[in-house]
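Pasting the structures here.
Same chain, two partners: subunit A is paired with subunit B first, then with subunit C.
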Partner chain A sequence: MEIHLILIFMICAALFAAETKDLISSLIALSVAGLGLCLAFLILKAPNLAITQLVVEIIYVIILIRATIDKDLPLVRDGRWLFNTVSAMLFAIVFLSFAYFALKEIPVFGQPLMRVSNEYVTSGLEKTGSANIVSAITLNFRSFDALAEAAVLFTAIIGVLAITRKTGKIDEK
Partner chain B sequence: MKNKEAPGMSLIVKSVTRLTAGLILIYGIYIVFRGHIGPGGGFAGGVIIALSLVHLMLAFGKDVVLKRLDEARGIIISSLGALAFLILGIVGFLGFKAPFLKERFEHFSAGLIPIYDVVIGVLVSSGLFITFLALVLLTGKREKK
Partner chain C sequence: MSLYFLCLILFCIGLYCVLRKRNIIKIIVGVGIIEYAVNLLLILIGYRQNGRAPISANDQEILNMVDPLPQAMVLTTIVIGLAVMVILVALALRIYEKHGTFDITKIRRLKG
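And now, the complex of A and B:
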C-alpha cells in the first residue's frame, strides 16, 4: 500500500519536473522524485540501494544546481500543443496497456528461487564470511562485475577531465 | 560582516561547516569500512567522502580545498584506486590454476571484501570530487568571458 502511494507521489513530482518553467523548480522536483525512490527502496527492504540512491542524488543535485544557477534557459513553447498532447496520451495508453498485459504474466517478486541464487542466499555467509549478502554477491561471487564497474567509472572520470580541461598539455609561447 | 571579501558563504555557514565537515568525512569512512557487515559499501561511502570535500569547498571557496587535494593529486589517487583493484585481482593468479580475482589469503573477516570496499571508496571519492572540481572550474571560466 505504501509503495503505491510513493509511486503516485514520484509520478506527480516527475510530471512537475518535466512541465515547470524554470530550472531550479524542476531540479527541486527531480530531487523530490529521487527521495521518493529512496523511500521506495527502504520499504522494499533494500537499504544498500537506499543509501546509494540518497547519496548519489545529493551529489547530482549539487552539481546540477551549481551548473544551472545562473543559466535559466527559457523553454521553447510553440503552438504545437495539440499534437504534443495527443501523442503523449497515445503513448501513455500504449505503454499502460502493454504494461498491463506484461505485468500479469511475471511471477511474484523473488518467488521461484533459482538454483544459483538459492546457493548464494543459503551459503553466502559461510563461503564469504560477509554478513551483508549484497556485498558478498557483488564483491565475491560477482567480483568481475565489480571490476568492470570500477573500470567504467574510472573511464568516465578520465573522459570528463579530458573534455573539461582548462589548459592544454603543450604550453603556448 | 568583517570578512565580506573572503570567498565562500557567510559566517554562519562557515561556523557550521567547521563542525560538520569532519563528522561527514568520518561517517563516510565508517560506511566504507563496514560494507561487509551492514548496509553501505565502497561506492556509497566514497560518495559521502566526496560530499564532505564538496561541502568544504562550497562553504570556504575553492582555494581551501585545492591546497589539500588539487586536480593532479586527485587523479593520481583515483588511478591508484583503480589499479589496486586490478592488482588485487591479479593476486589470484599467484597460485597456479587459480581463477582471476580469487582470494589467496585468509583474513580475519570476510576475505577480500573489505579491501575491495576500501579500494572502490578511494577511487569513487577522489574521482567524484575531481569531477565536481572540473565542472565548477569550467563554469567559473565561462562566467569570466
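And now, the complex of A and C:
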C-alpha cells in the first residue's frame, strides 16, 4: 500500500518536472522523484540500492544545476501545441494498451520466479563468505558485470573529455 | 498489476517529456525519469510478499528473502545511468557554447 502512495507521489513530481517553466524547479522536482525512488527501494527491501540511489541522486542534482546555473535561459516556446500534445498522448495510450497485455505474462507482484537466485540465496554465504547476498552476486558470482561497469565509467570519462575539449586539431605547418 | 501499470505511467511521462519538449535540459530530465521507472519496474518484479532484505544473519535462518539478482543488476544500471547523464550534460553544454541556446529548433548551423 505504501508503495502505491510513493509511486503516485513520484508521478506527481515527474509531471511537475515535465510541465514547469522554470528549469531550476524542474531539476529540483526531478530530484524529488529520485528521493521517492530511494524510499521505494527501502520499502521493497533493497537497502544497497537505496544507498546508491541517494548518492547518485545528489550527484545528478549537482551536475545538472552546474550546467544551468549561469546560463541565460530565454523562455522556450513550444510550437504547434495541440498537434504535438495529441500525438504524444496517442502514443502513450497505444503503449499502455500493449503493456496491459504484456504485463499479464510476467510474474505477479509478490511472487517472483527465483529459479537462478535460489542457488545464490541458499549457497551464497558458504561459497563467498559475504553475508550480503547482493554484494556476493555483484562482486563474486557475476563479477565480470562489475568489471564491464567500470569499463563503461572510464569510457564515459573519456567521452566527456573528448566532448568538452577546447582546442581543435592543430594545423601542421 | 496496478503497481506495474503505475510504473509504466511514470515511464510514459518521461517519454512525453523527451518527445515533446524543446529545451535540452528538459529532455535530459525526461531521460532521468525514464531511467527511474525502468529501475523501479525491475525491482518490483523481484519483490516477494512479506520478504526480507537479502542479507543473511548469524543467529537465524531466513527463508523468505526477496530476489537478489535484479537488485544486483539494477545496481549496475544506476551507475551506468549516471555515466549516460554526465555525457548528455557535457553535450548540452557544448551545444550551448557553440550556439548560445538550449532550444533544439534554433540549432541550425550544423556544419563547420
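Basically, the second predicted complex is superposed on the first by the 150 of 173 C-alpha atoms of A that agree within 3 Å, B and C clash if a C-alpha of one lies under 4 Å from a C-alpha of the other, contacts with A are read in each partner's own complex, and residues count from 1 in each chain.
One rule holds in what follows: a residue touches a chain if its C-beta (ideal position, glycine included) is under 8 Å from a C-beta of that chain, and two chains touch if they have at least 3 such contacts.
Here the structure is a predicted model, which is why all the values come from computation and not from measurement.
In the superposed model, A:Thr164 makes contact with both subunit B and subunit C.
If you count the residues of subunit A touched by subunit B and by subunit C, you find the higher number for C. By the document's definition of touching, both partners, subunit B and subunit C, reach A:Ala67.
Of the two partner chains, subunit C is the only one that A:Ile106 touches; subunit B does not reach it. In the superposition on chain A, A:Leu27 contacts subunit C only, with no contact to subunit B.
In the superposition on chain A, A:Leu5 makes contact with neither subunit B nor subunit C. After overlaying the two complexes on the shared chain, residue contacts for A:Leu153 are found with subunit B and with subunit C alike. Of the two partner chains placed by the overlay, neither subunit B nor subunit C lies in contact with A:Val94.
Of the two partner chains, subunit C is the only one touched by A:Ile133; subunit B is not.
In the superposed model, A:Ile59 lies in contact with both subunit B and subunit C.
Subunit A uses residues 47-48, 52, 56, 59, 63, 67, 131-132, 134, 138, 146, 153, 160, 164 to touch subunit B in one structure and subunit C in the other.
Within the complex formed with subunit B, the subunit A residues making contact are 47-48, 50-52, 55-56, 58-59, 62-63, 66-67, 70, 128-132, 134-136, 138-140, 143-144, 146-147, 150-151, 153-154, 157-158, 160-161, 164-166. Remark: subunit B residues 31, 35-41, 43-44, 47-48, 50-51, 54, 58, 71, 75, 78-79, 81-82, 85-86, 89, 100-101, 103, 107, 109-113, 116-117, 119-120, 123-124, 127-128, 130-132, 134-139, 141, 143 touch subunit A in the complex. Against subunit C, the residues of subunit A that register as touching in their complex are 3-4, 7-8, 10-11, 14-15, 17-18, 23, 26-27, 30, 33-34, 37, 40-41, 44-49, 52-53, 56, 59-60, 63-64, 67-68, 71, 73-74, 76, 78-79, 84-85, 88-89, 91-92, 95-96, 99-100, 103, 106-112, 114, 116-117, 120-121, 124-125, 131-134, 137-138, 142, 145-146, 149, 152-153, 155-156, 159-160, 163-164.
Every residue of subunit C that touches subunit A in the complex is listed here, in rising order: 1-10, 12-17, 19-23, 25-26, 28-30, 32-33, 36, 39-40, 43-49, 51-58, 65-69, 71-76, 78-87, 89-94, 96, 101-103, 105.
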